[in-house]
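Each chain gets a letter, A, B, C, D and E, in the order it is written, and its residues are counted from 1.
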Amino acid sequence: MRHALRWIVMAGVWSALAGTAWGAEAPVPPAESSSTILEAIAFYAMAAVALLSGLAILVSRNLVRNVVCLLAALGAVAGLYFLLAANLLGAIQLIVYAGGTLVLITFGVMLTSRPGSDRQLVRGWERIAGGVVCVTLFIGLCMVLLCTEWATVAASAEPTTVAAVGRALLTDYLVPFELASVLLLVMLIGAAYLVRRDGESGAEDDADRC
Amino acid sequence: MAKLTDKMVEGQPDLLADLDAETLATDDLLTEEMLVNMGPQHPSTHGVLRILLRTDGEVVREATPHIGYLHRCAEKIGENVAPFQFIPTTDRLDYLAAMNNNQTFSVAVEQLVGIEVPERAVTIRILMAELNRIASHLVSLGAYGLDMGAFTPFLYAFRERERIMDLFEAACGARLTYSYITIGGVTMDLPDGFTDACREFLEYLEPKIHEYNQLLSYNQIFIKRAGGVGVISAADAIAWGLTGPCLRASGVRWDLRRCMPYEGYEQYDFEVPIGLPQGGEPPVPPGVPQPRVPRGVVVGDCWSRYFVRVIEMYWSVHLVRQALDRLRPGEHKAKLPRSLKLPVGEIYFEGENPRGQLGFLVIGDGSPVPSRVKVRGPSFNNLSITSHVCRDCLLADVPAIVGSIDIVMGEVDR
Amino acid sequence: MWTIGLTHYLILAAMLFCIGVAVIVTKRNAIGILFGVELILNAGNLNLVAFSRYRGADIAGQVVAMFGIVLAAAEAAIAVAIVVNLYNATATIDVDSATTLRG
Amino acid sequence: MTAEEITAVLEQELADAIAGADSGGMHPHVWVTAVRLHDVMQFLRDDSRLQFNMLRCVSGVDGPASNEIDVVYDLLSMQPAVSELWRARHAFAVKVRLDRANPHVPSVADLWPTADWHEREAYDLFGIVFDGHPDSIKDHDGLHPQRILCPDDWVGYPLRKDYVFPDEYHGIPGKLEAVPPGPG
Amino acid sequence: MAESHTRSAYGTARQAGGGRRSSRRPAALIFFGAVVAVVLFVWALAAAFEYVDGLVVADSHRVAETGEIVRTRFGGPLTTAEIVDYLPERLRFRPVSWLFWPLQFSLVRDAIAVTGLVGFVSVFTMYAIWWERKVAAHIQSRLGPMRVGGWHGWAQSLADKIKLLTKEDLVPAGADRILYRLAPYMAFTPVLLAFVALPFGTYWVLRNLDVALLFVLAMLGIEVIAVIVAGWASNNKWSLYGGMREASQMVAYESPMGLALLVPIMLAGTLNLAAIGDQQQAGFHMWVVFRNPFAAVAFVLYFVAALASCKRAPFDLPEAESELVAGFMTEYSGFRWGVFFFAEYTSMFVVSGLATTLFLGAWYSPLPAGWGEALAGGGVVARAAHGLLFSGPLWFIAKCVALVYVQIWLRWTLPRVRIDQVLYLFVQVLLPLGMVVLLGNTLWVFLVPEDGIVAVVANTLLCTAGVIVAAAFLGVAVVARARRYRLVGSLAVDHLPGA
């Protein structure tokens, strides 16, 4: 199983390289031209990486390996965003998600792990029940997806410029934008309050916590 | 001071009481703290010193030095060889200040036997001892810069030390373990042209010390890393038997060369620098730009211990100049019988080494071989305070504190 | 087979979603559950961006996906804070053992 | 104060603890009984006239001829001063004579913390047990200060005159003849 | 006598290098093999698509209609015919056009560009390592590598690489084997990917991304996780400390760096690095760093945060050799350690590249643009002078190397800062400073008219300050060079080997 995991992650890194290098300036896709084939190859590669690393998180017990697999998954999803001509979102996903949230989770893993404690404590039947639930859920979703007729409009795959997204944020989506910033503020205060070790006043020296 | 053993850490609150047996059986040692070995092979412990740190994250809860890796039982050799054969062993006690070790042991035996040392020999001894003090301080300053991450001062310090080693090589042929000063005087007289080379070196060195002050001592990051760290009060220093620059940095103006003078030190004029609070101006020989203690420095912290050594280098240069002027032609060694019989009796003599007071208890029983030679190493006492000072400091401060105490494992383990 | 349509992305997102749910269900370790939540949020965002691309490149989907990422970051921070607190109170982050609501 | 005056003060204050004095010579000292050592040391440190604030050295001296071991405490009194030089008032030594087979003496680590390591070394190299030492552990040799220079499981006390160097230690040959013949 | 001795030593070194390759699969061959495989794969792919498409990719005149900005001269779709008529007359015969045939496929052009980039990065890193050792030596009044390869030991890094390749490939006991092996490549690949969006010149950018700046920042962020994983997987307490310090340091420097980068974005109005570069083309007075005082402070703030991001100089805590033995790299040896080292120097270049593009007038030369046009129009000599003085990549690399020099210079003069001081500095000093700079810049952009008196005065003042700093730096260098014997005293002559 270890070698399989190793090739999954390596493939993830290489496909992220190919995906971003290729997808960013998707040339005009005339029918069945070489570029669509490449786009398909890139899509299937990244989809494979995302799914396999998801499965790897499911299977492996070592938390730090899960972190690396999550990184591969996030990289693959970022590659998909580039393919879907959402360059800004791909870059933000890499910075905020892979660069920020993952380091946060790594902190969580490091602070709460003890040697030999990250074994799977799950009993046999729980795993089977989980599997059954997911498979039925997936079948249900696929039924819905395949038989509805999505009204898709073939649009030119020009990558959306940052200016367009910026303008949209500050005009049509101003309220959610402000709400998000308020929420982040609330979250900041909440997290700081939660982590305060009981008994000490607020001014916790950062050196003690890292 | 709860003794730290490698086994279970006592006093750990029992958090496991209400958990079910299954998880309990698997996790034997619940502790956020880690036992970390800094040494014996560690870039910042000078020589083979092992410090066992109990750390909680970056904060060191307890530091316990483990010594003995360089133990050669010098005292056992002392009981089996005649005093002048023991001189090479004294070279290897504080291998960075071999001249001072030889001088202290020779004076101890001479006082026990009552040998009169000729005038020229005494002056040469003081000349060599002070030169070796400069070399030893250069090494400690360079190594201290290395502990702080500043690589460059180390190389400048060793470049100047090369000049002193050339002078020693001209005088006695060796670069590190000289065995030059012996009982009754000095093994060989100075080569001709030595005094001029020595004066030229002093002219070259004096402005360089000021340059290092600008490069390292007054560097803001260095002051932040060393100032106010590892503060030792005067009472603690005396209680733990600290001597030399570590004692003086805590504000105790005590130097054996001035308080209990030996070898004619009373005829030389020099000042004893001590640790000064912020803005203080340590005494400096004439013709040297007046240094000033910067902001953020406290009496008895790492920076003061470092800076007392810098000022002592100035005064050693001044002392060597006076010794050079005082040199008169004459005998370089007293006439001694082939096998020197030690009288029945004992003596405890301490000399001022660069790292502190090196003491010798020599007990004679009439035969040429002493019945007991006890060596009191200054670094042995200076090191004993690390566990007291390093409590609740940061991991990056441990090399800073140990570096500022400036230990040499040769005289800690003997 | 070679042209990538909207359904390809939707099926991929559904698969990611199910794997996320599976991870949440089977992991007893609090941080493990966090991984599952991240996967599910990613699946959601992927759906949004796929629709934004295949319905006339309007950027609504992308903007909402951006908010999704911001919220995921906020949620992860709170989750890690809670887990660290849980670890400080009881010695383990095993979800089943954290049954008492006392502080 | 001169050595004679110090001895006089001691005999006047703690007559029963003093077993003898030799204030002439280069190493003025006084002999003290092991039992009363701690009180004498306490007095030497705290008395206003003496004020021995620095314990310079604790050394063991082995005398197999007379079947006893001495412990020598070298003390120094420093006259504190605000900014000028501290003056050395007087240096003095205290000696204790112990039975070589079972040397026991109370520890003075509580008076001067520097004694902690010195006493551990004296135990390590001479086998002198300092009772009440802060770092003492209990093992096959009973309660004694922990060894400082030699490894914890070392057998014997190296600086005793009758000490025989072991043939090997954990497989490391100690003597030349103990070296097994090599393949060559 | 010394000469013959060294030659023989040099000789033996050559044989030793060629010795028996270690039997186990060396990681290096896989790595370089992979790069070559990518290039061959692209070549074969181009040939395969010729049959599938059966048609030349969209012709060139469509580009003219839609007005699409053709950034790179070869950026847009292009045909073999177009390539051939771009060639001079003498080369326009049949076999040559066959040679250039694959060039019309943009994927092949990308592959060639990627190979060129990897080549440039590895050559630059090798010489950056050698250069750092030389600069460090001269700062410490010694000579540094002198023997390997002849003049001033230029091949020292090459010899080091060969040594690293032949070293034993060991994994510490109890280490997490997969992560331990994976971490170096996870650290190296993102930094190499960052070069995709870095503009070396008007036509020298692999992918002119609209979100180039965010993309480069993202790549630098991912490298942090590789370091944390390396620290965790080496099963060594010191590496764990190194990893944790990198994590906390990253949390500290990320926000001030973001704020500092907002200033040039606000001035240029776009995230596209090429566009930001284009706005600074009219000579050094147009550089963003001289635009207004807040931009100058932002440059300094960004540079300090960049030092922390590539773990250099006073902030090299994750691999602090005096405290943590070697930080997260303690257990690494041989080629894997080399890859980490490779990643560090590459990230130094990327960080300097960002600073140059955003603040120091990207690939445009400091000389006023007017001279450029004059020279370009003139005769062969003038055009050659134009090529030398105004070539894009040359100036970009020169400025990056200058900034890398500053990073090297800082490393060998400053001691290391403690972890809580780093956190204090970045969170409580530089973050508020960043906010003030951002606010100041916003007010400056709104209140101060573009070509008003205040703007011109501020610009000229900052330009003079910049010229003074540059002149002072060169002056000190020349004076020190002339009087270097006096500084070192007579020691300089007789003690240095072969000096």
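The working rule: a residue touches a chain if its C-beta (ideal position, glycine included) is under 8 Å from a C-beta of that chain, and two chains touch if they have at least 3 such contacts.
Since this is a predicted model, take the numbers as computed values, not measurements.
Ranked by C-beta contact pairs, the top pair of chains is A-C.
Remark: the per-chain Cα centre closest to the mean position of all protein Cα atoms belongs to E. If you average the CA atoms of chain A and of chain C, the two centres end up 8 Å from each other. For the pair chain A and chain B, the distance between C-alpha centroids works out to 58 Å.
Averaged Cα coordinates give chain D a centre that lies 64 Å from the centre of chain E. Between the Cα centres of chain C and chain E there is a gap of 35 Å.
Residues of chain E in contact with at least two other chains: 244-245, 419-420. Annotation for chain C: residues touching 2 or more other chains are 92, 94.
Within chain A, residues 32, 37, 88, 92, 100, 107, 114, 117, 207, 210 each touch two or more of the remaining chains. Partner chain B is touched in their complex by these residues of chain E: 136, 139-142, 237-238, 241, 244-245, 314, 316-317, 320-323, 325, 412-421, 488-489, 491, 495.
Chain E makes touch with chain A in their complex at residues 34, 49, 52-53, 57-58, 77, 105-107, 110, 114, 176-179, 181-182, 185-186, 189, 193, 196, 206-211, 214-215, 217-219, 221-222, 224-225, 228-229, 232-233, 240, 243-245, 247-248, 250-251, 254, 270-272, 419-420, 423-424, 427. Within the complex formed with chain E, the chain A residues making contact are 2, 5-6, 9-10, 13-14, 16-17, 20-22, 24-25, 27-28, 30, 32-34, 37-38, 62, 64-65, 67-68, 71, 75, 87-88, 90-92, 94-95, 98-100, 102-103, 106-107, 110, 159, 161-163, 205-207, 210. Against chain B, in their complex, chain D makes its touches with residues 25-27, 53-57, 59, 61-62, 72, 74, 78, 80-81, 83-88, 91, 93, 112-114, 116-117, 121, 125, 134-135, 137, 146-151, 158-159, 161. On the chain B side of its complex with chain D, the touching residues are 1, 3, 67-68, 71, 73, 75-76, 79, 111-112, 238-241, 252-255, 258-260, 272, 345-348, 350, 357, 359, 361, 363, 371-372, 374, 376, 380-381, 384, 388, 413-414.
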